[in-house]
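All chains are identified by letter, namely A, B, C and D, in their written order; residue positions are counted from 1 within each chain.
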């Protein structure tokens, strides 16, 4: 027989998990994308690159709004191509703001932010770029590419480079900075880069983001239906950018994007700078309790996953686990209990993991530490 | 527009995949456990530690036979405790061979091998051990533990140490070799060790296997129902030992166990010596084709997973992938196509991966190389 | 635009649905069998014909207890064959009460009633019969079949005829009363009959129950595993007898069985006397609300199904439905809203249905009426 | 022990089931709607009432084509409102044929017929009507409703009354013929009627079809997404019209519609005239074999369901079934074996069923007879 002691558990990083994030976790039956907030910031789910029939997409803006509501997004942008209007014969509208205006109106009944944006659509270089938080798309439509960037900038736009790895524009699918991009960055006309676009990811784009201080973005670039493109009924999800914002407003999202506070959510991977990935991991993977089993000298540690990610954690610590190899799996929104063996018990137990499904640089996976304190009396 | 060239593909390790293994792959809708054969050997699925009402289990041997048939096993052993007979009041049979004889008779209508075995059930040391391929369980039931091992040995038994990490017998759940175990090994009375037993895995037992040259085993040690204990309807599986045997006979399994040719299949992990894990990985993960897309300079490589494992592969090579981070996932019995970027193309393309869900030593994951040749003309 | 009036709804048969039954409904994710209580009685879920290794079953009694707990049963009986002991060589126990005693002991930690019973196992006539609520199985084991029935009767047993349609004993699978059965009934030695046994149903047995005033029973007669025999993981369920008892005790079940208060639950069918089927239907199918849509003159009626049955209701009333033919389907534990057209509106709306998946005599399906009152003001 | 005789089985109605229809049956894993052909005719799956952004729908025509391909339809029609163009501000196209022309072009790469059609959109009477197989939609757009019908007619159009039960136009949701409709019918300007539209069914419309000899139609009238509106990922399907055509061409569909050869497929119900419903049922429900079990005098009859319908069959014959009440369920594309009891065996066995999920008049369900012949020698 095994006597079991309940022990007092303190989690070092005692960030408060709002009851809201728990409620979100319980919505997991639905397709709503769910990640917890992080200390000091709300985690806003944004898809800032989409198309409708107003450029080369296949749906009216109302479908984009409904998809976003079903996915539980906080913000979207319909970034129609300024220079590419294949439906022009049927939709001859000269006003490039029209798609935004319709979407904003349609979103009025929902709790969804619509960001005013447009896609500057050029040959490489500079390729395609999204300007968002603009005031007037029409004036950005200019002969000269640099003129377009400057006009967007003068409107206060956040501008990011789209799919720099697109094989139509990037020979061999490798994202590479050109002198023109260098100029755009130097003139502070380019602020972000798509590391993930639709189905693709670019390690090279990620490295450019790190080297140049560009904000990391992931977008669906959806033209058809989100459900079909990303197999939502089969459990898939569109790529989005998690934006860590001070409040749930367009202006706060803009501030966060300029400050680089993002993590991309792509095919069960979390991709971004360590200073943003790590708080998100620690908000998502939470020690719920620990107890010392005196007879077996095993410590049972219960960990809860508050996120949509299925985590794969590689054990880096001195301990081993009764029911798991060094690769520990945490299913989305579930609890798991680890039987920890070999802990040199003081008042503190620390678990160290490499998070295999998170990236803080190309091929670099972050390390997290989960700590637990025991009440001294228990161990006496 | 992208022109696409079909290229001739040769896979270096041109092991033949029998059409049988493909047929097996197509059975994937069922609960049958499926792994491909390896060069020179059949991959036999064995669960060599189980109980029935004839010791402390809860079912008649017919249920054990039916479970094994449903799981597609090749061989089982009902290893009743020699010294622990809690149902003795109701089942006073003195013949410890009875369970085996019933199972063998019940298996006659099925394509299932039943191995004659018994569990020597002692306090630690030496703890519990299974003797299989015995002739008579009754004579193994002796006062002296060493006598039991010697009698089993004299019958030609393969003997393995059960759950050396069991907290009832191993303080703190850490498997440790005692002088008595040392003596058993030295006298060639102990040939294998359970690295996996029921729900638990022991890194320490794995290390002992490596250090002492003991055969690596994983067993269900089932007492109740396999379906319940391992959540088979929910997609779970019992732990088994994959045995690489020259033919599908009891004698060939015995030979393979003494030769140490095993890999354990436990919670989506493949665990064993590198010389057996690696051929199994290369038989399971097969390049089905490659084509060079001239315009984009991307090579599309199609890989098929012929096994029940959901593989997690970490890219170690120089290339990157269009639609995946460095962690590539291969679903069981499915094909996936990788867009390979950055390959320095000669006639040969090599992909290098660390297989995260395989272990060749505690915390050591094997590396595999998948190679493809191109027809020189294509690249001219 | 359609103005909508909330109307006061009164359900005629204002039986109180305990919050317990609603809680049960919410357990629908599990395999627990769930039916609501009826006026004056608890609805107890009973499987009163099962076997273990103590006759010709394949499991120890603990598995029977665990299966019952998983299925949410209230009561079971392990009715081992008195005269058929194929495991006698291994289990030579002479005490025919042993299986009951073990099960009772094993059930102690669960909220499960174990009824003491035995199967009198004879050639036809009289065939097999279960005697339950006995005191001592051993004295029922007699040379003379009538002696066995009389002894069971003298112990206060409720006795029912097992599988009267069994092709091994009933030529052509048709249940037929013999003179011996007539005698048993006349002497009040036979009180019930299995209309459902394992996989089979017998319309002829149902007719005999009606003609002779025998209690209607359905049982699993399980020998192997409930999960396999009735495909529980695939959504199947074992046949059980719903017993309408005054309290949750063995004695109350016995009283209810003698009083004939039962309904059989078999492959989504509810089978029994109209006086018991109909209250169960009315407790299961509940009008949750109605509202009159003034502009369209349609009445929206919301119906909730509080049971595990998937109901198929055939419209017998004067109204028609906007979104359904005359065959209305109610999924288990879900709400559905019917748009009722053509109602001649007074203060009362009555829906009339034949319940296709319920039987109150061979090929006779019961009719139910669901009534709703409106607040007079709303209709002015 | 039961000896079993294989008997020669002849099915009376020996319609040939093309191997194509069996192949289709095996596609049942997909969302493709599948029904077998009937004697003399192909069973074509048609959705002849749909909208795109060219009237008040939310998608470009390419999505309509892709939905149809995914659903395995043979023919669609994009029937934009002639008189209702809410997107006119953005899509000012005056050519009412534009939607058809785009869809026809987009369908070119698929095996999909696109029928030229338009919705005449008027207040009641006559309400809305679809004219399909037209030559020019523009000339149908006329001030006078009768003029529109006459112009469509002069183009050879098949014209049907849309959603006659629509609560916006039909007070109380009851379809009623007005003098204007009478005139249209008398002048042969109205040929069909929607008994099913989107989510609704109208028994009254069905009765009008029967009384007036109008062709029975069911359509999705989709404006948004088929997947969302009809819960396709959850197993739902859009309403369609099965058209029994001599070949797979637009002209053959037109001929069949004028001849009234249709059955509607709506929420698992098959609705139409008995002369078309019954052949479809007999092509869908097929006796695959029968064998007489001599000892038990039971006849095992194996029935295969070649369709997407989940059939509910009510036994009307003299026999009873071992494993089913009088309500027999046949899952889509599965086989079931009935143990038939009480058959007075000659050379012929006939099963009689009412098909609960088919309608040949309001509240009237068709009867089918399934016959089997035995080889005389077997019964000797």
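The rule is short, and it goes like this: a contact is a pair of C-beta atoms (placed from the backbone, for glycine too) under 8 Å apart; a residue touches a chain by one contact, two chains touch by 3 or more.
Just so it is clear, the model here is predicted, and its values are computed rather than measured.
*Asks:* Using the touch definition from the top, list the chains contacting both subunit B and subunit C.
*Replies:* Chains in contact with subunit B as well as subunit C: not a single one.
*Asks:* Averaging each chain's C-alpha atoms to get its centre, pick out the one most distant from subunit D.
*Replies:* Max centre-to-centre separation from subunit D belongs to B.
*Asks:* What's the distance between the Cα centroids of subunit C and subunit D, rounded to whole Å?
*Replies:* The mean C-alpha positions of subunit C and subunit D differ by 38 Å.
*Asks:* On a C-alpha centroid basis, what's the spacing between subunit A and subunit D, in Å?
*Replies:* 45
*Asks:* Whole-Å distance, subunit A centre to subunit C centre, using C-alpha means?
*Replies:* 52
*Asks:* Do you know which subunit B residues sit against two or more other chains?
*Replies:* Subunit B, residues with two or more chain partners: not present.
*Asks:* Quick one: do these chains touch in a line, a ring, a star, all-to-all (complete), or other?
*Replies:* Drawn as a graph, the chains make one closed cycle, so a ring.
*Asks:* Which pairs of chains touch one another in this structure?
*Replies:* A-B, A-D, B-C, C-D
*Asks:* If you look only at subunit B, which of its residues touch subunit C in the complex?
*Replies:* On the subunit B side, the touching residues are 53-54, 57-60, 62-63, 66, 87, 90-93, 98, 224-225, 227-228, 233.
*Asks:* Touching subunit C in the complex: which residues of subunit D?
*Replies:* 2, 165, 167, 171-174, 199-204, 266-267, 269, 271, 293, 295-298, 312, 314-315, 320-327, 339, 341-342, 356-357, 359, 362-363
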